[in-house]
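Paired with chain B in one complex and with chain C in the other, chain A is shared by the two complexes that follow.
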Partner chain A sequence: MLKLRTLLREWGKNLNLIIKHPYFGFVVFGALLLVVLLLRMGGLVQIGVVNAVVLTMIYSIIALGFSLLLGFGGLASLGTAGLVGLGTFVMGYFSGILNWPLLPTLALAFGIAIVVGLIVGFISLRIEGMYLAIITLGLAEILRAFFISYDKFTGGFSGRSFRNFTIFNQPVSTEAVYVTITVVFVLAMIATINIIKSPTGRALLAMKNSDSAAQSLGISLMKYRLLAFIISTVFAVLGGILYIMYIKFSYAPQWNLAFSLEILAAVIVGGAQSIFGIILGVFLIYGLNLAVLNNIPFFVQNPALIVIFNGALIVLVVMFYPGGLIRLIQTSHFKLKLFLQKLKHRMKVRRYGEDD
Partner chain B sequence: MAKMIDALRIRLCLKRIETLQARKTFLENLLALQLNRIDMAKAKQERQCRQQTDISLAHTAIAAGEANGYVTAEHDRRLEQLKQRYLLRYRALRETYKRKLAKVLSERQAEIKEQRERAFQALERRKSTALAALEARFAPDADHLELRKTAYAELKAKAETDLALRLQGITARSDRAREKVSARMIKKIEGIERSLLAREQATAALKDKLPKSDYGIPEDVLLRIENLTMRFGGLVAVDDLSFDVKQGEIFGLIGPNGAGKTTVFNCITKFYRPAAGRMYFRKNPVEVIRLNDYPVHNIIRQGIVRTFQNVELVWELPVIDNLLVAAHTLFRTGFFGQLIHTRKLKQEEAVLRKKATDILAMLGLLPYAHMIPFGLPYGILKKIELARTLMVDPRMIILDEPAAGLNDAETRDLARIIRTIRDQNQTTIFLVEHDMGLVMDVCDTICAISFGKKLALGTPREIQADKAVRDAYLGEE
Partner chain C sequence: MGDVNLAVKEIFAIVGGIILVYFLVDLLVFRKQLKRPLYRSRLINVLLVLGIGSVIYVTLKTFTWQLIVQIFLLNTVDLCILMLATTGVVLIFKTSVTTNFAQGMMATFGAFFAATVVIRLSGVAGMSLSTRLFLGLLAGVLISFLLGLFIDVAIIRRGRYVTSVGKQMITMGLVMVLMGLIPVLFGTNPITLPAFSYDVELITIGENFLVIPTQNLYAIAITFAVLALLFAALRFTKWGLGVRATASSEIVASMMGVNTRVITAMSWAIAGGLGAIAAFFFASSGTQVQVASMVPVQVNAFMAAVLGSFASFGGSLIGAFLITLFSSVAPFFNDTWQNVIVYAIILLLVLAKPLGLFGKKTAKKV
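Right, the complex of A and B next:
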């Protein structure tokens, strides 16, 4: 009996170590998302929910890269959409139409992403803040105009569907794509937390707080600005690749300013410095209407109200919780704990009288 | 041509020596850390082993009435629990009767009070019964006590030999681990030392051949500023200023508002590009560099760290992580290593965290280590900034108005800390300050400037007596 108790205590300590590990939450979250797929295969959830989950994952990957730029580096960019579009068309055309093998296609896509990141990074050394955002917006618009006018490559205004993806000469099923997206999503979260908790993440934060202090501590502005932009463009292109593999259709005019702004809104609504906050934000912006609101008859009859609902949400969050919704959850958790403690104390006093 | 090649080789050698030395210190610190970890694990295992033996003997020990560590602890714990429980019951009873007494009329009060007395007595009786039961549980069996005692002694002797064996095993295992770790590390360190020696010899051999490349700067001068001039548009902020900062001294730069003190700092740390003038810095005993040739983010690597007038910390990160930001140049893991958090990165992080903790302990900031700096008192923030400069073991620390915004006690504390830093690590300190008390108190040499021009240079006493300085501060008589 005594032995068992000691053993259990040791186990509890080990278990605590595992639970406290930063990767644990991400892996469990990924496993839960895989459960959604199982439920779908068992016919227990509708396709809309699965689509909502997949889009949330893909856009979360994009938003994670974006948050490293905005939340940590303090650099504003509105060029996300163009890069996501680029990812979809490169992957779609070279893998889906020309049947290139997977690795060269990925190398090409990421190569383009790195080049674009370098260009924008160099620009960011000269131009900051709002003006940088405008320049990245311009770059994205150039990319969009390019997609629309090269209809041989992208289908122009009518969009283009890409169906025949093969991975290592195997045609891929939707389930396989779902699993791939989940795995990439978990890996992206792990990579992000690793960057945040490493000298690079700290250097980005130092840069955001003060350029001059960062430089005096040996942080090269050029290196870290370029790095931040490259990470974010790579994540955006990765999102585009996963998008085209699941949706199998890309429509050039879709990759416009509104898309970039929605990613920005998601990051701000959720909380720019917390990984789960970003996922929450993306779910509120993209997943909520697909998974929940589209099933409520009131919103189905008035689809315009969905947009209004989202807009009102953003306004409220930015007004009252500038740290994002995740801050609301964190503080309310803290407050709840405090409240419970107080309640316990009051009950005790009521029952036993004041302490003497 | 040959000379140029030699110069290049010497420079490469020096650079390599630097990296090797950094690696050596890292390995030494890592070794200390790992040995400490092994020792802690050993102590924990031993504790657990002893406890297990005690637990296994517990029942027999109780029956034989012998002392046993675990039994005593358990007995005390339960006794404490029991007492606490009865105290709470007593308080609950008291509270109930207080409420009853408040409700009833005065003629029934006596009756209720009597009831209360009875209830208290009953509670007391129950408590003593429970205590007796507890004692009975831990009391030895009366019959065959002698037999039990001998049985216990036998069991205990067996358990002790067992325990001794296990403890031996633990010690042996931990010693093996220690040996393994130290052997590996020492082998690495020795390798590094060998190549360090080789490089040093190579440098020494080459150096004799080369003409002296220290720009004619005396051995004891750490920083030399020559004819420094800085203009902003038409305004001349620093005008043809020259001075030397000697190795290991506390050097103060003073002057009225707008005299250009901070501009001098910004020129030295390369935030501004001076319009004219040369700045030399003795990077190590043999090498002198021209600061003009280095970009702003490389100054810290040469051994110069600065603080800012208004505190510039990373507000989202805990204090200890702020110190790690300052150790940015000491991390050698590349980006992809950071992406997958390699073992090397974890080791580096552990070593530097230990160093940060030591520094915080030295400055008395340990209670704040895991707090977010936002909202901490200004004096503490200033100290954190000072702690941050110590992370890279600099040769020179530049303090921009360290006492601004501090009260008298904090200023005195700061003076003590500045002296300690200088005495402990032979670090030169160069400060700009308005607080004359502090400057006169800590500085060895003071340079007074006004409108970018040098007025006087000397010891605090000389500066206080200088007429030009008095005129600049108080206006001409």
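Right, the complex of A and C next:
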């Protein structure tokens, strides 16, 4: 009997360790997302919800890379759209048209991402702040002009569709793509938290607060800025690859300033320094109208109101919760505690009368 | 007209040579000097002047000056649009320390209102087209002015403690709100706005004949009048002094008794009005009033402000001038890649001068 009790206690300790582990939340979240797929296969969920979940996952991967730049490195970049577009077109052309196998295509895509990241990183050593944001916007515009003009590679204004995707000569089903995206998403979250908690993340935070102070503590500005940009571009290109795998279509003019701004808005609205905050923000910006608003008859009748609603939401959140919506959730239990204390105090006052 | 391919090769050689000279001199000569940054910035200035001079020489040699001046005259309306948009962006950057992504949408709102007024007035008898257009323009400017005022008073002022990236996000949310609001208020179809005049004027310089569309003359007259008025106000009035004080530090300015609220609100309102004029001319010279029509202009305005310098109005206007010049000459070198060429040139110039061609470095306390 005593033995069993100690065994149980040991288990409880282990369980506690597992629950407190930072990966636990991510894995559970991924498993919940897989449940959505099962529900869809059972016919319980509409296709709009599944699309919303997948887009939220893909854009969250991009936003996670972006948050390393903005939330931790303090480097604002508006070039995200160009890189995501690059990912979609590399995958669409080399894998879809030239029928390259998967691994060389991925290697090529990540190679290009690393080169672009290095270029932007070197630019960021010389240009800072708002100027860097505008210059990366210029780079994205260069990429977009390239996509539109070079129609052999991107399909130009007719777009590049992506149909026959095979792995090891086996055609891949939509469900398998969903599972792949979920797995990559969980891995991306794990990678992000590892980077944040590692010396790299601390160095980025130090650089955000003050370049000069970080340098005087021995942090190499060049190394960490280049690293931040490379990680961010790799995440963006990865997002592009997953996008064309699921949506199966990419259109050059789509990768414009508005897309970069929406990713930026998602990171700011959710909370730039929290992983679940970023996912929440991405869901609010991209998933909400697909999953929820399109099912409300009032909004279906007035589609213009969806855009207004989204815009007003961004404005209100940034005005009243500058730390992001996740702050609201994180601080809510403190507020609840305070409220309960106040309630208790009031009960006491009613029962025993006012304190002198 | 000379050989274009040769000119492209020559320009590449010039740019490559200048970059090579910079790195060689910096590595071999300046490396051990104590005043390396100072010498380096001087070297960059000298090389920039040399490079721009020789590129201009090659361009003029290839395509005679008459052709370039003629193309530039045809594009003067673009120059006016870009100057107005850039001034609006810089004005807001100075007082609110943020880049206003809603600038284009505020402008489009005004242009839609102007176009609606012009169409409504067409029923009135005995009113000429240009009078109607002037009245429409005035109405559009007024509505954009009020919109800018409202945005500052209702939103930006309440978010004073939001970071500058946060303010960018607020303007981005405003873009979405306005984008949804415009079809509700003005209908979903684009509106056609007639030009002031479809004639052309003939200019004779010596023995050369150049033409300029009369519409461009209207645009130039209105733009220069408005900008001259604005710059006079910035230079000589109390409001202008306040803008300059707020630009250097909002907190200190408010402690010195400057009413920063009024200054910021007026800046937003004036930026809205300037944008409305720009959108009006953009729509009436060739295109229609559409929801997304001002987005490329806005991107170019940001580029012009970065190229010239966000810190000075004059610099950013010169940036706008250069961008118009580049984009009117670039199609001669290559038809397909003209946008890429323009942005690449801007990128190179900004890499050489990170704070813009006319920016000054401000010391920062650690």
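In the analysis below, the second predicted complex is superposed on the first by the 328 of 356 C-alpha atoms of A that agree within 3 Å, B and C clash if a C-alpha of one lies under 4 Å from a C-alpha of the other, contacts with A are read in each partner's own complex, and residues count from 1 in each chain.
Methods note: a residue touches a chain if its C-beta (ideal position, glycine included) is under 8 Å from a C-beta of that chain, and two chains touch if they have at least 3 such contacts.
The shown structure was predicted, so the numbers you read here are calculated from the model rather than taken from an experiment.
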item: Touched partner set for A:Ala304, first chain B, second chain C, both or neither; value: second
item: Most chain A residues touched (candidates chain B, chain C); value: C
item: Partner chain in contact with A:Leu227 - chain B first, chain C second, else both or neither; value: first
item: Touching partner for A:Leu257 - first (chain B), second (chain C), both, neither; value: second
item: Which of chain B and chain C A:Met130 touches, first, second, both or neither; value: second
item: Chain B versus chain C as contact partner of A:Ile195, first or second or both or neither; value: first
item: Contacts of A:Ala213 with chain B and chain C, given as first, second, both or neither; value: both
item: Contacts of A:Ala31 with chain B and chain C, given as first, second, both or neither; value: neither
item: Partner chain in contact with A:Ala145 - chain B first, chain C second, else both or neither; value: second
item: Set of chain A residues, in rising order, touched by both chain B and chain C; value: 210, 212-213
item: Residue ranges of chain C in contact with chain A within the complex; value: 93, 99, 101, 155, 158-159, 161-170, 172-181, 183-184, 295, 299, 302-303, 305-306, 310, 336-337, 339-340, 343-344, 346-347, 350-351, 354-356, 366
item: Parts of chain B lying in touch with chain A, wherever the complex brings them together; value: 51-52, 55-56, 58, 88, 91-92, 94-95, 98, 269, 271, 295-301, 305-306, 308, 312-317, 321, 324-326, 328-329, 331, 333, 335, 338-341, 345, 388, 392
item: Residues of chain A touching chain B in the complex; value: 2-3, 6, 191, 194-195, 197-200, 202-203, 205-206, 209-210, 212-213, 215-221, 227, 273, 351-353
item: Complex interface listing, chain A residues touching chain C; value: 70, 76, 123, 126-128, 130-131, 133-135, 137-139, 141-142, 145-146, 149, 210, 212-213, 256-258, 261, 264-265, 268-269, 304-308, 310-315, 318-319, 322
